[in-house]
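What follows are several structures.
Next, two complexes with chain A in common: one pairs it with chain B, the other with chain C.
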Partner chain A sequence: MADVKDRLASALLLAAIAAASPTGCSQRMPADSGELVIAFPGAPVSIDPRLSTDAYGTQILQMTHASLIRMDAAGNPLPDLAEGFEARSPTEVVFRLRDGVRFHDGRELTSADVRDTFAWILNPRNRSPHRSTYETIREIETPDSRTVVFRLSEPFAPFLAGMVRGIVPAGTRAAGYSPPIGAGPYRVDDYEQDTAIRLSRFEGYHGGAARIEQVVVKFLPDSNVRFLELKKGSVNLVLNGVEPDLIPAVLENGNLVMEEAPGSNVSYLGFNLRDPFLSDARVRRAIALAIDREAIARTLWKGHADLADSLLAPGFWAHDDKIPPLRYDPAAARRLLEAAGYRDPDGDGPKPRFRLTYKTSQNELRRRIAAVIQEELRQAGIAVEIQSLEWGTFFSDIRKGNFQLYSLTWVGIADPDIYHYAFHSGQTPPEGANRGGYRNPEVDRLVTEGRRETSREKRKKIYGKVQQILSRDLPVFPLWINRNILVRDRRLTGFVITPDEDYASVKEMTFRKGKEAGK
Partner chain B sequence: MSERTVKQTIARRVARHRGAVAGFAVVVLLLLAAVLAPLLAPFDPGAQALDSGLSGPSRSHWLGQDRLGRDLLSRLIHGARVSVAVGLGTVSLSLAIGLLVGSAAGFFAGKVDHLFMRLADILLAFPGILLAIAITSVLGPSLRNVLIALSALGWVGYARLIRGQILKIREMEFVQSARAVGTPPARLLRVHILPNAISPVIVEATFGIARAIVAEAGLSFLGLGVAPPTPSWGAMISEGRHFLFVAPHLTTVPGLAIMITVMAFNFLGDGLRDAMDVREGAH
Partner chain C sequence: MRRYLFSRLRQMVPVVLGVVTVVFLLIHLIPGDPVEIMLGESALAAQKEELRRELRLDRPLAVQYGDFLLGMAKGDLGTSFRSREPVLREILRRVPATLLLSAASMTVALCIAFPLGIVSAMRQHTFLDHLCGFLAMLGLSMPNFWLGPLLILIFSIGLGLFPVSGYGTAGHLVLPAVTMGTGMAAILMRMLRSQLLEEIRQDYVRAASARGLSRRAAVVRHALANSLIPVLTVMGLQVGALLSGSIITETIFSWPGVGRLTIQAIDARDYPLVQGCILFIALCTVAVNLLTDLLYSRLDPRIRYE
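And then the complex of A and B:
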């Protein structure tokens, strides 16, 4: 009983914090008439909040759509469409919508739109990739136009993280690639697939109209083109789109400045634990010890990366700060391989202890990293064949568990429940993301307990244990977390770099008037 | 003309063709570089020095270092091996298939000819490089698969050329005479027809090597060529293109190597064509 009270109290506290947050009553500032041009290193696949799973689509949606709540950098909920929420019980959450919120076409946003958005995702016929996130929703009730009640079939701690989903008007169909109407700070004027999207300020935005009138997002996959456009001034904001080696050259343009902040996307090396070599934890540890992550972070990332020790970034609330560090130690790696029974047949000679295949995408930087890892493992006596595959083939192989070694980046981890998805023994592909086939009854028990527990303190302890176990077993080897690097026009102010590369703060941006403005 | 004098005449004509001589010289150098790469290269082409990545030319590294600090000159020399292997390998494989198919089509004519030539038409309807991309995407990047991908369409040109030659030659009097005295078909083809049909094929093959080298560079540029860390000129351009503005030598050096090699083969091909031109010989 005390447990339930504890959970309820913490939920109410969150709601109170949320309601007190200042975003709800932002003052109107003098509007800016300028045009902001942002460049993305790729184009979105979908910009329908009910379907989009890609990073670029999500980032556009942060400017065009509003959700019930938003999350801050540490994973704490902030109000957006909902002025507050209350967990009446671990299986019932009530959201109270703000008064007078409107969609871009002037229609009022009501509880029916919220219900319909989630009902659409839950309808199997619509094949939304987000359906599994909301499967614990048993019922959505709308007692009045401003109240939404979610009833869950069982306590599900990651539920709140799932409420960061753009709301669309009731009855909106999925219309191919054209983006549906939203209630965010910017409306879509024109969308040219794979080329650019043109946005203009939505005067009726519930958080106060944005200050810059026009925003254009260009999709520029070529790093040289982004570099040139930035230098020329035809793009004035790029987040994580300038090669680390090119940053000094881009800043030769005195109108540009760079800002840096910690990131949250963890790159990791995945092992296939069904493999006869990699099933041995000593071999996995030896591989980890043979890779000089510090050298890669220092040279290939030019220091714009921090070493990772878990799939969660250090600033995230559930991150365990007491994970023993794993440092580059090639001698220890060789000793471990010997101990595991893999002798080097000819010492420093060309014959390897054994051979492995490393799969990676065709991204140039990833291939470069693969070449470094290949060389470092060669020195430890492991021959590595790099297979650099087209993205679709690569990702499908990884999802099927068809690999020995691979490297990928976890993007957008909003809740530690990721550990259930990625390491529970029942989550092997195709249902889950336990691609390496990791099995540990203790981890199974902990990650199941973690998703049912609603007290954040208790969850933190549970996932702390999970992270400790995984740092010992190494079913994946966390490599590094890239820092977020913003290159912008020096007149632009107001963009807040968040660990998860959120573009929500574009609405707060402005062109500072000053002597540089005339340039 | 005896065979000896024909060869001498061709050699003399090629020697008079300045472009062909220059081309021949470059081709010889290229072959030497490819064969002697481990002796010529100053460094191990795979040896990395991350901290000195992107360095420009220096006394120890004449052409500079790539992003991973690998010696560019050593990679260039070793890269010649891939280019030579793909150039010669693709042409040999294509020629072998083309020779078989073309001879059969030209010699037997009729239904066999019809069948093979329609097959060739169908294959020609594919854009070459796209088919090669599709094949290497499915089979995975490796030297062998590049050879397969480039030969999959490469043989068609040779087959058509040989067929045309045979159709023309088989009606000539000396062939008719050989046939009349009862020469068996295989011998007729081998001794009387093919040797007389081969000149334009040799010229075409020389250009074919150049085309194969460019195609391999293209596939490697797209990451579909030989697997790393084996250096390939196309892959070197691809690796360097992100640093065009800070280390242009990473792309220009292998780019020049491809250009000079392709030009050399084309000049040599031009010279051979002029030298072997039947019409010229008739005067």
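And then the complex of A and C:
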């Protein structure tokens, strides 16, 4: 009798577990039904193209919204909604829209929608964070339904990069978490804030309907969970969301493959040039020489990082290929410190030449990197205290100039005008991002000239000079550029890894079937 | 009873006011500028000043505090800086997930704690008691950030029974509820055991046995009810903690609860949302405490509220 009771209890327990699990033991994985499930390491704050500033929002918008133009991996403009554009003068650019482009609700996309999208951003009442990007727009004219003319108050070369902005229908109000409709390859079916967004193919997409019908983007902040979801097969694509340590374990699953390609997000070490020690360029160079970046890239990043020599990635059109490399040389670092007058009081003893504070975020890997840099600088005779701070506090300190050393990453550099923003003497916070207080009249002149020059060849030369000067002055020390790592279901094809982590190629993706999948 | 209730509700006002005041001061004192976070570094200084004026952040702290209290009295918690949605709507959107997870975790805790607590007390110093003690120790020592992924590994990856993460179906609820309920079960179980051991030795239990009641019936029918008051107190405190959300469990399982919302609001220095979330948590905690106090009289008729 007891045996029967036990069996009944076990059967009930199993039935309860099976009932609780919506799909039971034989769970169908998304790939089986042709659904693409992508995991992001975080949730977007906004998915309104006029307001969104965070990377996750931008990446969703690449699937749901179309912009006048897009940029290729090297930063060259490609047509999207506009079939072409023409700079009639340095202050007048004309875009000609494709014929018959429609929004997800079937409405035709016209020049009025383009004008209204930018006018909305420029309206101070709407508090758009992108307003400053378009401050030079003086007038937007729409002579007909397919032509948009932008007139600028002054020549402004980065204007074109700003045209990569999703267009929404005229009259769309900002409505919190409700995403406005767009004209991209996917439409939003359902958005569960902080959990997931469900997209379905827009059959009327002007570039041809996407091949995969359903796309789900899950927001999974925990890196172990992303790893486990991949392992289970309930997520089939993760870009830059698997910790370097976990990649070999992910690949043990024969259904997954990894692809790697150069990235564009540059990590750097920032110096406060108002600091008595760090105002001396020899000290900054000594610090740079004392850090073994190659070892850090090889061990902590497991080889998934390339050494950086500039804020621009090597493949970017404005990158200067002749920047002299700065290699690890602890002996040279010590000599430079001696020359700068900072003698080591007791040779290899515990007393340092001087002490510095190094601020970083609470990210575990960043903290480990900070610890390695601390040890390397100790060997050069510089005592470093690491302060790992909560993001809001960390960033506030950096903006206020309350730091000596810090490390951060520049993401989403679309134009070399970043040099104006980060190094022009008039761009110290709160105006810009010259956080270290760098001042060099020559750089000021060049970066001002660079933003007014519309010829790309001439701009390349200007920014080449800027990069040379900065590699000598070292107001920041570029550390490395993380490689973009894609882990995907073996059957998925068509995703193109771009340096700026663009998801536009999702529309080209497809699931291979049968024998093909094994390749 | 009604007078007692009114007096308790009156007492709640200064407690809640104290909590929101401390939070108001703390969130304004910690470094971080919501305007910079909203507009980004690239915004012009004039634009930032404009927004600061619009959000009334340029006013003295005392005036901002007054505005906040006035709004709260009118039931208006303001608008989230981050999402531009009313704070109340933001919080209400997360409440169902929080309530669901709290209720499920408490159910898991009770389902484990009661049988094991009773068995442990009735079989004191036996193998079963030691096993229960070991399990309680295990439950208490396993942190959620470790237990959560472990459960996923076994039940989602290994056995394929539940989804790894997410929200929406009964299957999504099981693993986070077990993760959160396990630690609580251990506390409740040990508490119940010690209370029961005390009660079992009382004369009325011996008298019940002498009247011919089986030991099990004497314990379950008589001693258990008398052991519940301290257990209920601990349960009340635990429910308060559950409602405030477990950040770690919510993060692991991508559970869209109030706890995660609070952390996101703090990260974005979204002052109205932080204040709204803390107000919600404070209200829940004092309400659960009041409910616990009221339940005492149901468990022990000698307790009267005048």
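Here is the rule we go by: the second predicted complex is superposed on the first by the 481 of 519 C-alpha atoms of A that agree within 3 Å, B and C clash if a C-alpha of one lies under 4 Å from a C-alpha of the other, contacts with A are read in each partner's own complex, and residues count from 1 in each chain.
Everything that follows uses one rule, which is that a residue touches a chain if its C-beta (ideal position, glycine included) is under 8 Å from a C-beta of that chain, and two chains touch if they have at least 3 such contacts.
Remember, it's a predicted structure, so these values are computed and weren't measured experimentally.
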Clash or fit (per the criteria above) of chain B with chain C on chain A: fit
Touched partner set for A:A295, first chain B, second chain C, both or neither: first
First (chain B), second (chain C), both or neither touched by A:T195: second
Touching partner for A:K218 - first (chain B), second (chain C), both, neither: second
Chain B versus chain C as contact partner of A:R452, first or second or both or neither: neither
Which superposed partner A:S396 touches (first chain B, second chain C, both, neither): second
Greater chain A contact set [chain C / chain B]: C
First, second, both or neither for A:S132, with chain B first and chain C second: second
Closest approach of chain C to chain B (Cα atoms, Å): 5
Doubly contacted residues of chain A, that is, touched by chain B and again by chain C: 224, 390, 393
Chain C partner contacts - residues on chain A that touch it in the complex: 17-27, 45-46, 53, 124, 127, 129, 131-133, 135, 174, 176-177, 192-196, 218-222, 224-225, 228-229, 231-232, 234, 390-393, 395-397, 399-400, 421, 429-433
Residues of chain C touching chain A in the complex: 30-33, 36-45, 47-48, 50-51, 54, 82-85, 93, 149, 152-153, 156-157, 159-171, 173-174, 251-254, 256, 260-261, 264, 266-269
Residue ranges of chain A touching chain B (in the complex, touch as defined): 223-224, 227, 243, 245-246, 249, 295-296, 298-300, 362, 364, 367-368, 370-372, 374-375, 385-390, 393
Contact footprint of chain A on chain B as seen in their complex: 46, 48, 50-51, 53-54, 67-68, 137, 140-141, 222-223, 227-229, 238-239, 241-246
